[in-house]
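In what follows, subunit A forms one complex with subunit B and a second complex with subunit C.
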Partner chain A sequence: MIKFSKQQLKIPKMMRPVYLVTGGMSEFRRAFPEKRTEELCVEALTMAAEMINMSPAELKSYIHTCYYGHFADHFGDQLLGESVIHDRLGLDPLGNIGVKTGGATGGSTLWEAVKAVASGYSDCALALGWERMDEVPTDEGNHLISCAADKDWETPLGHIYTGYYAVMAQKYWQVYGKSEDSFRKTMAEIAVKNRGYAYHNPFAQGGMKITVEDVLKSPVVAYPLRALDACLMSVGSACCIVADEKTAFKMCKNPLLVYVAAGTHTLRPADRRDMEIPLLPNETKNTYKDLDKRFPGGELYPGFTGFLAARMACYYAYRMAGVYDPCEDLDLVELHDAFTISDIQSYEDVGIRPYGEGRTYVESGDCYVTNPKTGKPGKLPANPSGGLIGCMHAVGATGLMQVCELMLQIWGRHAEVHGDAKRWKSFGKTKPKDWKDLQVKGAKRGLAISHAGVGSHVTATILVDPKHQLKGGKA
Partner chain B sequence: MSCAHEQNRGKASVDNNRYKLKGEFHVAYPNTPIFNKQGKLCGVTNPRDMTYIHSYGAEAPFFEGLSKGVLKGTKCENPDCEYKGSVYIPFRIYCPDCLKKMKIVDLTAAAKKTAFIYTYMVCERSGAFNTLDKPIKFINVKIEGTSTILMSYLHLGEPSIGMRVVPIFRTKNPTYTITDLSWVPQGTPKSKLPKGFSF
Partner chain C sequence: MTEENKHCYIKEGKLALPYQYFAGRIGSKFLVSLRDKKKILGVKCEKCGKVFIPPRKTCERCFEDISEKWVELSNEGEVTNFTVVRTDDKHHPRKAPYVLAMIKLGGADTPIAHILGGVDPDSVKIGMKVKAVFADKAVNTMLQIDRFEPVN
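Coming up: the complex of A and B.
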């Protein structure tokens, strides 16, 4: 569709407010040759219980239905892997269902759990996700990932998803980045920031202290993208527990209001048709009246440069939560930085910057916990977890990891969890001597974007401290 | 893969709405154990070698067309459709708006005259089962008069945005897959075309 009816643009309504009660994560690594997937899932659920001083058994006693995010079951040669995990978590005979939406699987899983509680069907629901891509050789893994593209029209072309994805980066690079060295450097700064933040995260797989020069010298994957521009491939698990108001306040002292909305766009970028830009609350038609003059080649929307699914997810979610301007109304974001360039693209889709101006979010220093230009707190810090580039991309768990990280930030418990030397040790790591507290001071509201591949599915999750609800928030 | 298996490789045909299968569709290799350096058992390998049987359904004319040097798209001709006249390549069976079956149209001439590269990417890597030469020059081709932008690959030259290209087709020993369609820069002489391909 390229035009939407009133019914289709209805702002999603929840029959009652839904709260995030707790969440947890396993450690993330490229491979776990000596661990089964269920061991990672049990670790995530156990951490969620510990966060609210419950035993796993006590936490489980509240759960009524279960939503499992696991994307690539063909990697494991196991259908109904969800049922395996459900049994190992000891949650039979509760109803459960598997969710698969590519890279957005984690976010979509939470979407399902939230709707179950919002409708009244369940008072408490589990959203738990995982991924394991370490059990096939890399080239076969590339083939299996490329099966997420169209198997007749795309997969036979190289069996390599990067090829289908990177054409969009090329277009953005040339039209909006104008192929400038300065833009290339801005991309590299994101990789430096996110790997640097991951260095302070015990769960993270890819923490590194690197420089812009290191990124620019790393091997070319598909020009202008280099190895250090790309996200990680990970194994691990994450979970979130959601509940209605009464149950949530019984389970913990400070549950957080949670809103989730979703959007989609064509699986094949080839099928995208030109359309009008759906506007976010702080935009008008005037915002974009001369976009193609300022950026020749940017005539088509979304063309191959915008992610309509992300735009639609925020179109709904901002209006549900009462967000007018994300830079003013939110305190931090966890974005889906699959590649440095797609991170910049998504700043525009989600309205942190208008289309065409994404780079200024980085160049202004707004995206840092501490703005390197001013030494003061950044306006809207992005990915203090390290994101997909620094922390992990264990597909089915990614969107849930992001929400766990937002939760810790809004609870003000970032240092307690990330700075715990025992936790570092339990993962076989040593807490760095120069460990830094990346707590965003006074964080009350956050946004997480969970995104699939070329933009086929995107969810926007907003977490709000209920004492700081926005005017117009629907719960 | 053994020669014997190669010769007896599974093939399928259709007779009276049923698949008729001949030959070997899978090979059963025994599994092997995985140990760590200390000799502790960590797991096992599970070899799988199998063949899928896939129907193109009403998209078959597109893939058959490539083998004959014809690029087919589809067009909505429903007079009641808000987007009547829209032309789609990738070929779609039904109109995405009105869901009426679309008409097959020949886009070969339009492609030869008007196709240009909307965006591209040169990819050094590939996945298992890839049959294309590396690096793969992915191109997204816009053909005038169509609503969409086709994904394909450039066989000769270096791609750039806006570059005019013409389609070429694997008409000798076609694979009946999307790889039978490729592109070369406008003005490429016939003598330069890759083996098996023609204009």
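Coming up: the complex of A and C.
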């Protein structure tokens, strides 16, 4: 049984508060043959400037260090693409560094930028990420991305992540889903919800109106996961600008407090050792004392079904931001729904539900902007952007897109940006006649989870309107 | 070989990585002009005056969209720097020895890297006047200009 030391469990300390000043995104698509990567990054930075009524050149004049997220640089014969982008954005001679943590690259990039400001090294830093996944066909892309799994002992068995997640899904379904068909339907509901939300998002690649039946009839990739259970493969860019308090309030009227923490876990799920469940602020040992009786097979943590990395990221981040109960203290979340099953697993890791009870977050309707059961606002809406399943997974940009979406929601500018017919048109799309405003009313605080591999790296980012800071949150 | 190392396996591996390269709309216009008109195009930022070759959509200093501000550059320029490649390598575009030069075209603000042929490598000089020689067939990369050669 692994036990963590006090030093390991120290709540991360920032030397000064850090604010998100602005953020921006390009459109996301499966392919952009007409655009070079640099053009997508320019679009993201330009939107970030526009959001705070600055010219890009003026915004750039505040930036002191640059953090770039790009994962699959082996795809297109361009190592160190960070330098190309840095050059095309005209940010030389500032220092820059590339960040690479698989699917969590976007979140990790923000983590680095926030630490640079928190430490005092920089007063303003850029976190910008992108991915170019159209240089290869989807099957090659899946193959090449899974080079991030364990080459010694795992990738020879199957060069696709869906296979790894499917094994977890099977185990989770047996233990916590009690092998019920209803559990499979709950998974499918997530795919329906997120594609449905993406339908109203002009940036999104995969908006679709589908039903649970469509998901259950889509081709099996690796049982029980089907094609519509999986996230997208995308091209695009997103960025966030962070700054210290003085600089942030000089740059914009309403910067948001930002907290980021990270966790990791073994690259191979099979290597996981048993440990005590690291408890979130609202949990006690009692919370899990009879877990094995309620869910036989669920007595070992993290077993094959939990993401310790996500749990640890929240363990630190909640205490930094003063979050006690995520369902009470947060207004919305953007989760890393790589697959419908990992979305359910994450509800438990991040404490939206206790371990074992993730499915009830969907089944209660709490995860919707409007609860379909009651017609009232959902308790804690998840992924109104459409998430990875509906909006995009342009790996290096994903974690940053999530934070941009939280920012728009907390600023109350979701409709202004997503409902802008001109923006739809500029992306070559028509704003749907039945476009729906997915603004979460009165959103003040949000959480984004950026997640890699089968849970190897996870970051938790919490955005807080400084006027609605939580007691215990450091500022 | 020591007894302990005798049974360490070496497995041969190969990662095939066929991929597509997207020149984009602006890069494509540049390449098509080289191929079909044998003309070298740049773009000019009207705000700061810089002429970009190869072309790009946005001036990185002014953040102006310059994608429609095409200017035709001279097919002639001068050598600002060079080296002689003297090792053969299967990944090189020419047999050694060949000259790799930085060439500033007439009308451009910055040089481009290219191959200098039709000249004894030992007689290349900085400031030498050179002109573009275009490839006969479609190449659709920077090697659509096959090489530069001395003007005289």
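Annotations for the structure displayed:
Here, the second predicted complex is superposed on the first by the 474 of 475 C-alpha atoms of A that agree within 3 Å, B and C clash if a C-alpha of one lies under 4 Å from a C-alpha of the other, contacts with A are read in each partner's own complex, and residues count from 1 in each chain.
As a convention for this text, a contact is a pair of C-beta atoms (placed from the backbone, for glycine too) under 8 Å apart; a residue touches a chain by one contact, two chains touch by 3 or more.
Keep in mind that this is a model prediction, so the values were computed, not measured.
Of the two partner chains, both subunit B and subunit C are touched by A:77.
Touch criterion met: A:33 reaches subunit B and subunit C at once. Contacts of A:304 after superposition: subunit B is touched, whereas subunit C is not reached.
Of the two partner chains placed around the shared chain by superposition, subunit B and subunit C are both touched by A:140. By the touch criterion stated above, A:97 is placed in contact with neither subunit B nor subunit C.
By the touch criterion defined above, A:46 reaches subunit C but does not reach subunit B. When the two structures are aligned on the shared chain, A:210 is found in touch with neither subunit B nor subunit C.
Contact with subunit B, but none with subunit C, is seen for A:271 once the two complexes are overlaid on the shared chain. Note on subunit A: of its two partners subunit C and subunit B, the one contacting more of its residues is B.
Comparing the two interfaces of subunit A, the one with subunit B and the one with subunit C have residues 33-34, 77, 140, 144 in common. By the touch criterion given at the top, residues 15, 17-27, 56-63 of subunit C touch subunit A in their complex.
Interface residues of subunit B facing subunit A in the complex, by the touch rule stated above, are 34, 36, 42-43, 46, 48, 54, 56, 59, 63, 82-83, 86, 88-90, 92, 96-97, 118-132, 136, 138-140, 147-153, 161, 177-179. Contact residues on subunit A toward subunit B in their complex (touch as defined above): 1-3, 33-34, 77, 137, 139-146, 150-154, 156-164, 166-171, 174, 220-223, 268-274, 297, 304. Considering their complex, residues 32-36, 38-39, 42, 46, 55-57, 60, 74-77, 87-90, 134-136, 140, 144, 147 of subunit A touch subunit C.
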